[in-house]
Amino acid sequence: MIVVMKPHPTPEMIQTMVERVEKMGLKAHVIEGTERTVIAAVGDERDGGREALESYEEVEKVMPILAPYKIASSETKPEPTVIRVRDLVMGGGNVGVIAGPCSVESEEQIMESARKVKAAGATGLRGGAFKPRTSPYAFQGMKEDGLKLLAAARDETGLAVVTEVMTPHHVELVAKYTDVLQIGARNMQNYHLLQAVGEIRKPVLLKRGASATMDEFLLAAEYILDQGNQEVALCERGIRSFEAHTRFTLPLATVPYLRQRTHLPVVIDPSHGTGIASLVPPMCTAAVAAGADGLIIEVHPDPKNAMSDGAQSLTPEAFEKVMLRCRKVADALDYKMS
Amino acid sequence: MIVVMKPHPTPEMIQTMVERVEKMGLKAHVIEGTERTVIAAVGDERDGGREALESYEEVEKVMPILAPYKIASSETKPEPTVIRVRDLVMGGGNVGVIAGPCSVESEEQIMESARKVKAAGATGLRGGAFKPRTSPYAFQGMKEDGLKLLAAARDETGLAVVTEVMTPHHVELVAKYTDVLQIGARNMQNYHLLQAVGEIRKPVLLKRGASATMDEFLLAAEYILDQGNQEVALCERGIRSFEAHTRFTLPLATVPYLRQRTHLPVVIDPSHGTGIASLVPPMCTAAVAAGADGLIIEVHPDPKNAMSDGAQSLTPEAFEKVMLRCRKVADALDYKMS
Amino acid sequence: MIVVMKPHPTPEMIQTMVERVEKMGLKAHVIEGTERTVIAAVGDERDGGREALESYEEVEKVMPILAPYKIASSETKPEPTVIRVRDLVMGGGNVGVIAGPCSVESEEQIMESARKVKAAGATGLRGGAFKPRTSPYAFQGMKEDGLKLLAAARDETGLAVVTEVMTPHHVELVAKYTDVLQIGARNMQNYHLLQAVGEIRKPVLLKRGASATMDEFLLAAEYILDQGNQEVALCERGIRSFEAHTRFTLPLATVPYLRQRTHLPVVIDPSHGTGIASLVPPMCTAAVAAGADGLIIEVHPDPKNAMSDGAQSLTPEAFEKVMLRCRKVADALDYKMS
Amino acid sequence: MIVVMKPHPTPEMIQTMVERVEKMGLKAHVIEGTERTVIAAVGDERDGGREALESYEEVEKVMPILAPYKIASSETKPEPTVIRVRDLVMGGGNVGVIAGPCSVESEEQIMESARKVKAAGATGLRGGAFKPRTSPYAFQGMKEDGLKLLAAARDETGLAVVTEVMTPHHVELVAKYTDVLQIGARNMQNYHLLQAVGEIRKPVLLKRGASATMDEFLLAAEYILDQGNQEVALCERGIRSFEAHTRFTLPLATVPYLRQRTHLPVVIDPSHGTGIASLVPPMCTAAVAAGADGLIIEVHPDPKNAMSDGAQSLTPEAFEKVMLRCRKVADALDYKMS
């Protein structure tokens, strides 16, 4: 890291900082400029100490050189991680599509959803059984009954099931039924939960927190990877900005940015990313054109009667059209849509 | 709520919406304007249904009338909630000060911290035993050993202990040692955790998530209140904005805004709110002048050697000065600093 | 608009509000709910008065029903506005591509830029002669000499020239040389400038301010349209959010959102939208796939020696590849790339 | 600045960068680390070139060391700039209060405003004659007639007049009548306007743009200072964040942050900063407690009939109470309220 001293440091102060840096196991290089003296601290700076350096009154700022994550980095593993579960393939040029309702509401609803998204070409089925809801008064999901219905839908259609787990205590239960464990945006920094899914050997779809930086996002993945689970897909689902005309702001530049830094697949959620059904189709084609490794899309057989997220759910008919257009874009750009 | 139809709705469409609204147990009033027809849906709209209404193609937008929270609302309970635990008093004109290190690091460190903040006038002692850290490679806290040291510091000084609990599974353990349970910003929407601390009968300090709206913040409190725990203090600790010169952006208008809407006390955390020790003192006096019911401030006997948050920790000497100035402001404006 | 009263208004207060609303030329409908009384004010609410209503202590909030813009609205003009200038066509299914350097630096540089972007298929040439720069110490542009070079490049290549005008006083001068007048993001709410370009009869490319809402953006266009200039293209160039890994956050959902509300063409600027050359190509294809009516891309014959924006400029070779891929996407989705 | 190379640079690449840095007049120091090679470029980096360095494919990032502004910096001038005009004093421990209506609406309105704010202790009078309005259909101000009424109010009361100038062409006119020229937030990066007020010898109140960083804000001031006008007050009026319960988010940490970096006085505008009259009083006292050098507050004799900003304007009675409380805080903390 680079330690920038305030103007006119005394030789003693510089000496103190050099010693401090060397005590951290780093090598110190002092560079005296015309307006500032900087100390370059060379070595693996990830073990921390930056904040302690910043607490010196004579220090103006400390700038890190290295990315704070390791296992998630494409420097550690240059070849892309490809997640394959049943027919769902994400990464390495493969675009996997996961579709289905926000919540599992009934056997009929989830079965119809599964059949229709399968028919349109999806290979993954989404559906929430445990639902994190902003209000304690909102529908909280069918819980284990919902998981059973998802498993039944998988058994009939062959779709890979993707469903959310909200608390460490439920990881084992959810893992029993699902193919992919989803960590929701609100739980991206629920570290006990990240560690718990890190101990499982099933793929994890990790959603970006609404105000998480890229480093925070990759460090959340690092918590999972660090426990030995190597199959983590990163899902961009929109950030909270000043924009209020959409539910969140969907930054598709996340796709190429992460591609340059990590080997993990990157999935886009245009449903939460916009919150408005009519904006979802163009964001799906745009995500494919941006190079996304997957899409996760809310589709409900009857959005007008959905128990949650109706406003952002596609009808099966709209989803079918989306799939056709996405496939055209994927073909044009030589991506494989499973 | 108010349903705004797109231009030129058919009579059938209006009729459908009226029926839909009435099926939700609300009363529908149709108002035909020159450019828009709106349907006012009268009654308790909190049971949901807004999104389902928005999923109709003929609907332009749906605007809620009522705040989504109930128990937290000052309409439900006009008189302020005052939280008293040992000598720490927050609410109703009382400004409680909680101070101490980011993390408990050793017996010597926490004892010295406790003695010094007590001497300067604090009535609460903060200190993390379970630490949520962005990186899996950072110090994660002393865990139960840390809790025991906090309890020992309380036994000697009489300070009320405030410490974080990160996962439902730990609530009982943490509650055994602490006086106030803190929910960190990253866990503001960890609903299982909120429910778990809702079942305890100890006060909770709930930190605002870095991108939580006021409604989301109050609904998080509602999760706790709804379980029967009536002692919740709301802590503003800064939001994530585009500003990068401070760690977070600290919006002190949160204090009077919440005062108008809720009976719960409002506490300010200027340490995380700025992330820079030299900015903390003026933000402390400003928070008192804005009418805050409490302050939670990071103080470390030796910030240069702190294992976390050194850059934003005050020395005991700086804290003493802060307390003197805060007390002057409190006296000038007739607030009681315990 | 909808006026929501605070709980338990007196009949006198309701009467006062009704009179107030009617004095504004609107018709008032009083709806008494269980928890709130609301007054629906029917008519053209755009003449203001909302803030005055909000200043009543007994009023909780006032919610507008109508969009604040008129001429820009697709309700006023449902068919898309198509801007055609030389071979550059934007709107109605046509995707026009404007490319070139950030600044005009020399005859050689702008000529080479023009020839190469023309060869790759661009129909518009960008290049700044008057440069708004954050620092007074940065290169401020070649001014009129730059304009002359742009005109010469147009004369040779036939490309439509797009260049920025920064102040009302320069509008006439810039209009003498350019085909399209660009209003930069920093000037989106420079109302005297908007009015000045509104009086000209040349197309305007209006860039979204970095923190402008959609309503503010469309109202800025309305300032131009209101002066009689009907050819305004809206350019999304990224917003300021908490994200710091890119220069700005580029929300492509702006394209379909605006498509639903306005007849004006929507252009994407992926160069400023990301600030990093390697992220520009996927954002170009994504913009086309999202339905954009145009692209404006920074291309420099030698980015390493560019006097401004080198880090986000494509080389001519990279631009050629981008054009090939964009064309494939446009073909796949039936858009016309001129 | 610090140039961080991508992993494993060739010796040729390092040599190229060294030459490049030296061509910029800077001295290059190469530091080879275990994971990265960095090149420290020593000297005055403000002349630019950072972006050109970033355009090299082998460069990962370039980090500036020095602040980009000079004249505004407290390194250039450590002692605080005190602005004195009539009885209005801002800076160096003096808290000047500017109050008055958003817009000048009539002789009676501005005269009554002036008398009342004077009686309550204000020393400056605000009032807009040229009004930047988001909508072209909103009231745009009384223009020169408004300026004349402001001057008349000054002649009677002795208050220093503060009013906005929107375009370079009006600078001379506005300067003829006013004591302080205000640059609005929307025009913070209107560089021709900044230069024009830089040529005048009257103090300027420069408002922060709603999404301006501190460096951008200080560079905007630098544009004015660089023309020779040394009297610039910096006004924080709130930033655009995701928060929608207030009009803007008011970050009071701006006060101590700027205090550490610049000698210029810092003024707070709690009226725009919150947009809600009932939140203004606690933000006024908080601003004084944070160390602000001035306040600019909207006060209207009849907010319910104000032509603009009624919802955020204080009545004269409310303003009087605010002044009493601010004075108590100022006294407690040893600030002088003129």
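Going by the order they are written in, the chains are A, B, C and D; count residues from 1 in each one.
Quick note on the criterion: a residue touches a chain if its C-beta (ideal position, glycine included) is under 8 Å from a C-beta of that chain, and two chains touch if they have at least 3 such contacts.
Since the structure is predicted, the reported quantities are computational estimates derived from the model, not experimental observations.
Enquirer: Where the contacts of subunit A and subunit B overlap, which chains show up?
Expert: C, D
Enquirer: For the interfaces A-C and B-C, which has the higher count of C-beta pairs in contact?
Expert: A-C
Enquirer: Roughly how far apart in rotation are subunit C and subunit D when fitted on CA atoms, stated in degrees to the nearest 5?
Expert: 180
Enquirer: By CA centroid distance, what chain is farthest from subunit B?
Expert: C
Enquirer: Distance from the CA centroid of subunit C to that of subunit D, rounded to the nearest Å?
Expert: Taking the mean C-alpha position of each chain, the two centres sit 26 Å apart.
Enquirer: Could you work out how far the Cα centre of subunit B sits from that of subunit C, in whole Å?
Expert: Distance between chain centres: 38 Å.
Enquirer: Mind checking the centre-to-centre distance between subunit A and subunit C? Centres are C-alpha means, answer in whole Å.
Expert: Going by mean C-alpha positions, subunit A sits 30 Å from subunit C.
Enquirer: So which stretches of subunit A touch two or more other chains?
Expert: 211, 240-242, 244
Enquirer: Give the list of subunit C residues in touch with subunit B in this complex.
Expert: 2, 4, 7, 29, 31-36, 38, 40, 42-44, 63, 65-66, 75, 240-242, 244
Enquirer: So in the complex, which bits of subunit A are touching subunit C?
Expert: 211, 213-214, 239, 241-246, 249-253, 255-257, 260, 273-274, 276, 278-279, 281-283, 285-291, 325, 328-329, 331-333
Enquirer: Inside the complex, what are the residues of subunit A that reach subunit B?
Expert: Within the complex, subunit A contacts subunit B at residues 46-48, 51-52, 54-56, 68-69, 132-139, 166-169, 186-187, 189-193, 209-211, 215-216, 219, 222-223, 226, 240, 277, 303-313.
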